[in-house]
Amino acid sequence: MNELEATLRPKETEQPPYPPKRVVLASGESMIVRQATRQEVPKLLEVLEPLIWVERDYYDIVGARMFSELLGWKRFRVKDEYCLVGVMNGMLVGLVNGRSLSRNIGISLHTMAFHRGLRVGAHLFAAKMEYHIEYLNQREIYVVAESPIGFRRWMIEYALEERRHVAHELGGVMSYALTRDLYFASKDRLVVGERPVSEEMLASTLDFEIPDPDLLVTQVSGRAK
Amino acid sequence: MRDVAIIAAGQTKFARTEWPLIDLLVEGARTALADVEIDESIIQAVVVANMGAGILNHQSGVASAVVDGLGLFPAHAELVENGPASGASAVKMAFLGIAAGYYDVVLVIGGEKMRAVNGWESTDFVATLTHPFAEYIYGVTLPSMAGLFARLYMEKYGITPEHLAMVAIKNHNNAMFNPEAHVQQRITMEGILHRPEAVVNNPIVADPLRMFDCCPVSDGAAGLVLCAAERAGQFTDKPVLIAGVGQATDTHVVHEREDPTDLKAVTLASEQAFKMARVGPDQVDVAELHDAFTILEIAESEHAGFFPKGEGHKALERGETQIGGKLPINPSGGLKARGHPVGATGIAQLVEITKQLRGDAGQRQVKKAKTGFTLNFGGFGNNVLAFVLKKT
Amino acid sequence: MRDVAIIAAGQTKFARTEWPLIDLLVEGARTALADVEIDESIIQAVVVANMGAGILNHQSGVASAVVDGLGLFPAHAELVENGPASGASAVKMAFLGIAAGYYDVVLVIGGEKMRAVNGWESTDFVATLTHPFAEYIYGVTLPSMAGLFARLYMEKYGITPEHLAMVAIKNHNNAMFNPEAHVQQRITMEGILHRPEAVVNNPIVADPLRMFDCCPVSDGAAGLVLCAAERAGQFTDKPVLIAGVGQATDTHVVHEREDPTDLKAVTLASEQAFKMARVGPDQVDVAELHDAFTILEIAESEHAGFFPKGEGHKALERGETQIGGKLPINPSGGLKARGHPVGATGIAQLVEITKQLRGDAGQRQVKKAKTGFTLNFGGFGNNVLAFVLKKT
Amino acid sequence: MNELEATLRPKETEQPPYPPKRVVLASGESMIVRQATRQEVPKLLEVLEPLIWVERDYYDIVGARMFSELLGWKRFRVKDEYCLVGVMNGMLVGLVNGRSLSRNIGISLHTMAFHRGLRVGAHLFAAKMEYHIEYLNQREIYVVAESPIGFRRWMIEYALEERRHVAHELGGVMSYALTRDLYFASKDRLVVGERPVSEEMLASTLDFEIPDPDLLVTQVSGRAK
């Protein structure tokens, strides 16, 4: 690493990993939630790319931001970012990302589900909160939403606390916080799954397939085939 | 009264769509019209079933707009609203016009564009069918009403959450073979009820009802072409006869009913339809019931006369209501999995039975189906329609 | 097809009221039911005409609610929406049910609670019947559309503002003798047109239409009891026969019509009604036309076949359309002065003609009226219904 | 007048009278608009009294305020107030009142019409504006509205100017102003009528009848008879 690069690259903090877990979904199928690696980022970008044109429900902004965040992680331009993926039957069904702002504060970035009707997004968002609170041991996580749906789901339904003086790094809007208290109050109905995950199961997630982009756009945009 | 036959049937895929209401209705009509070779200029009237054009889509005069979209001038056109039973009501109206001899060929098209609004607003929209001063203003919603009903019904007859789940699992399974169904997702008892993950997989919506006990919020349209039976042979060799039409109303306010677990209007409407068709419930080979909530499929299967009161869940347990069972119920996936665009539902039920009686239901075909039954449940059981269809 | 008769007719006073929608409809129904001695349990169905329950009153399932308000369980119930022609459409539906032999006695009740919202909102509400993408989004309203139509029509046929005023003056005069009319106020040509004060008395709404060229915004309900003609004698010695029912649709978007001054749907609907009734326009003794705007009374009187094209205003000049004239039009006061609660209007027109044919119209009675005609104009002429009634 | 009364009583300014006019209405009937006298106040109060209970369209607050304003005028507790009445066929069909705040500024108080469908209210409001601008020669009139209907009719339809720093004496809400320019721009479509009014016609208005209170409440409240 040359000197300039060292200046441009944020210093990373050593962080405990997210231990993979298995979640049995409504269908009886298992979804493995595990941390993604930097090397997997190009594959994730491929999934996100077609979504950056889908205006409905703000998929465009969420897709584009997640694209740039993951790319930032890959190119060493975001400090302490991580990404969790959900893999079911060898297929990528969703991803979430976030980062640490400091020792005590986590930043929730984005959540995307590519399979409908099995609450993949709910499980992944919960896993993200679990990581920040239970493994990174942070005090609270700053959360914002691009879409009204996200706002209703997290800010309102989980009664997140306002942080009037914290402009979230995603666009500078006022932050909401998921605190340790809120997390543990909701944990029973929010955070599920089994650990450890067998070596074999984990191995099945390593070379996951990604959803067909056309089908994906059709699904999320509601456009007729 | 002249006999009336269904000569064409079709529906759009129920889903979340980007289509505006009128386009959706026109597409539903086109799907039905594609099911028969017909010179469209012989269509004398279009009856549209829809519940929410005003509230959801800020539109009126919808039936005229659909005629325009189809270029069917100067065909007569009306919209019929009867809450979630709008579809069946529209079919009844079209049926009467032909039975009277005033029309020969009528297009019926039902549809709803529900995902024009968010989930909270669509729940509020459906709640507008409750009593404005005795129910609505207290914040009652249809899921909450169904929750209260389920609690009472389960207690009275020993129904368990597993029974409700069985309805959902069966209907989700059926929908796997229905390409037009909104939800195509197998679910398991373990995943929705017994695993610890069930709290997230299948959260409680209105205790004892959970997410998978409730139908999704769907956009969609379904259509039928009705024709005087005496002329049906000109257009198809598989006309399906509308043999019985029944309907009944009950108190608007649910708590004014002597016994809230007694769905009187379901009983009366079914009896009327069976009487007119001159068949009994035991002669029915396949039925589409209004399972907006799983408990309703069980309760309706009893009130329609298929099983004695309190025995519906036992028949379900024994597998009698599965495809291949004694009386397959909701082979289409039902409202639970096909979806429930409210104005379309009553018509989609008839589309399914038409296909079943014709033998056109593909992998979900009920064998040797000759007599079919539909039940469209409006309000919270305060306006119910039943149809008996016969293979000809 | 069985003959169908009107055995009872009534309406609430059209006005600005404090009643909620359902109460208004129930009151309208009660007024009609009070017109005949009948055991209400023989009413098999209730057809409700309404356009704005969703938009104006945030309600659905209205027909079921009306049955509940009247305690008519388990009578069948549906709501029919066809814009401002909802009333006539509901009557047609009820007519077909009886003509088919499926029902013997049906209550039809139309109503609208328009003053639940302010004037701007009610104008917007009515505008929801225009094409959502080709008209509505550009801010078109019904008065503006009627203004454009009036300008063209007046130019083509040499109609002056005085002719429009004559319609208003005549209908206001007629309404003086109709206790149920919303507007009971004589007006004069001087006061609304020729005095300098006219700029304030009668301001321009949508040039060339002024305030007194437009109907008011009213709440109100009107009802009919329809019965199989063969049974009508049991209930009344003055049944009125529904001899002809016609309807036609036209393009939704007005500017897509080849000639926007040609109200094709009015012509076709009227022809169909006359043909079915086996009478011609020259045999009509009294007519209720849809004068939501004064220009429409003139244009409709021609398109319905009463006068040659371009001659309606001359007949008006000659006083032929006044009570006592050759063909009295809108003896009730019309939409102009009776008021126009949209869902009620088509039914109120039939209430008026029923009273006229029975000889029950009091001071506004048209002498020796044996055949009557109504025209209910939905959309901007894209869905029109016509009825021919006969004294029996 | 004793000393205390002199203290309690605002000093009145000599004001030019409003010259009566005749307005021919849509019905062809004539309405005479003329200034009311203090002696007529009790009769006007009698008309207003039943309205102070009608919540619809804010008739209650308009009725009660007008009642207190006219009573204040009668009891010499309001400075420079006036009232115009509309009389048709010997019957009171409407009234408006206002007052002068200063040499240059008029205050619009209230408008009430008791006959429907003949634009009595529009004529009377216009007469009030005419008085302030053309006879009192004021620069502008401060106007507010209690009801949304009033707001739409005057503030919006006449595009009155905002006076952000003028709290109106009716409740302290921000004032809108009808200026001389606005008045003359609208005069052609607003202000009509003929002068002079014959002695005979004027005499016919002197002992006017007042509307039946029950009928009045029915009309304005929309309650069924």
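To keep things simple, chains are lettered A, B, C and D as they appear, and every chain counts its residues starting from 1.
Everything below uses one rule, namely that a residue touches a chain if its C-beta (ideal position, glycine included) is under 8 Å from a C-beta of that chain, and two chains touch if they have at least 3 such contacts.
Here the structure is a predicted model, which means the values were calculated and not measured.
Taken together, chain A and chain B share no touching chain.
Farthest chain from chain B (centres taken as the mean of C-alpha atoms): D.
Chain A and chain C have CA centres that are 60 Å apart. Inter-chain spacing, taken between the CA centroids of chain B and chain C, is 34 Å. Averaged C-alpha coordinates put the centre of chain C at 39 Å from the centre of chain D.
Residue positions of chain A with contacts to 2 or more other chains are absent.
Multi-chain contact residues of chain B (touching two or more other chains): none found. By the touch criterion given at the top, residues 23-29, 56, 116-119, 122-123, 126, 148-149, 152, 188-193, 221-224 of chain A touch chain B in their complex.
Remark: chain C residues 13, 15-19, 115, 118-120, 183, 185-188, 190-192, 195-203, 212, 219 touch chain D in the complex.
Residues of chain C that touch chain B in their complex: 1-2, 20, 22, 45, 51-56, 58-65, 67-69, 72-83, 89, 92-93, 96-97, 99-102, 125, 128-133, 245, 247-253, 264-265, 268-269, 378-379, 382-383.
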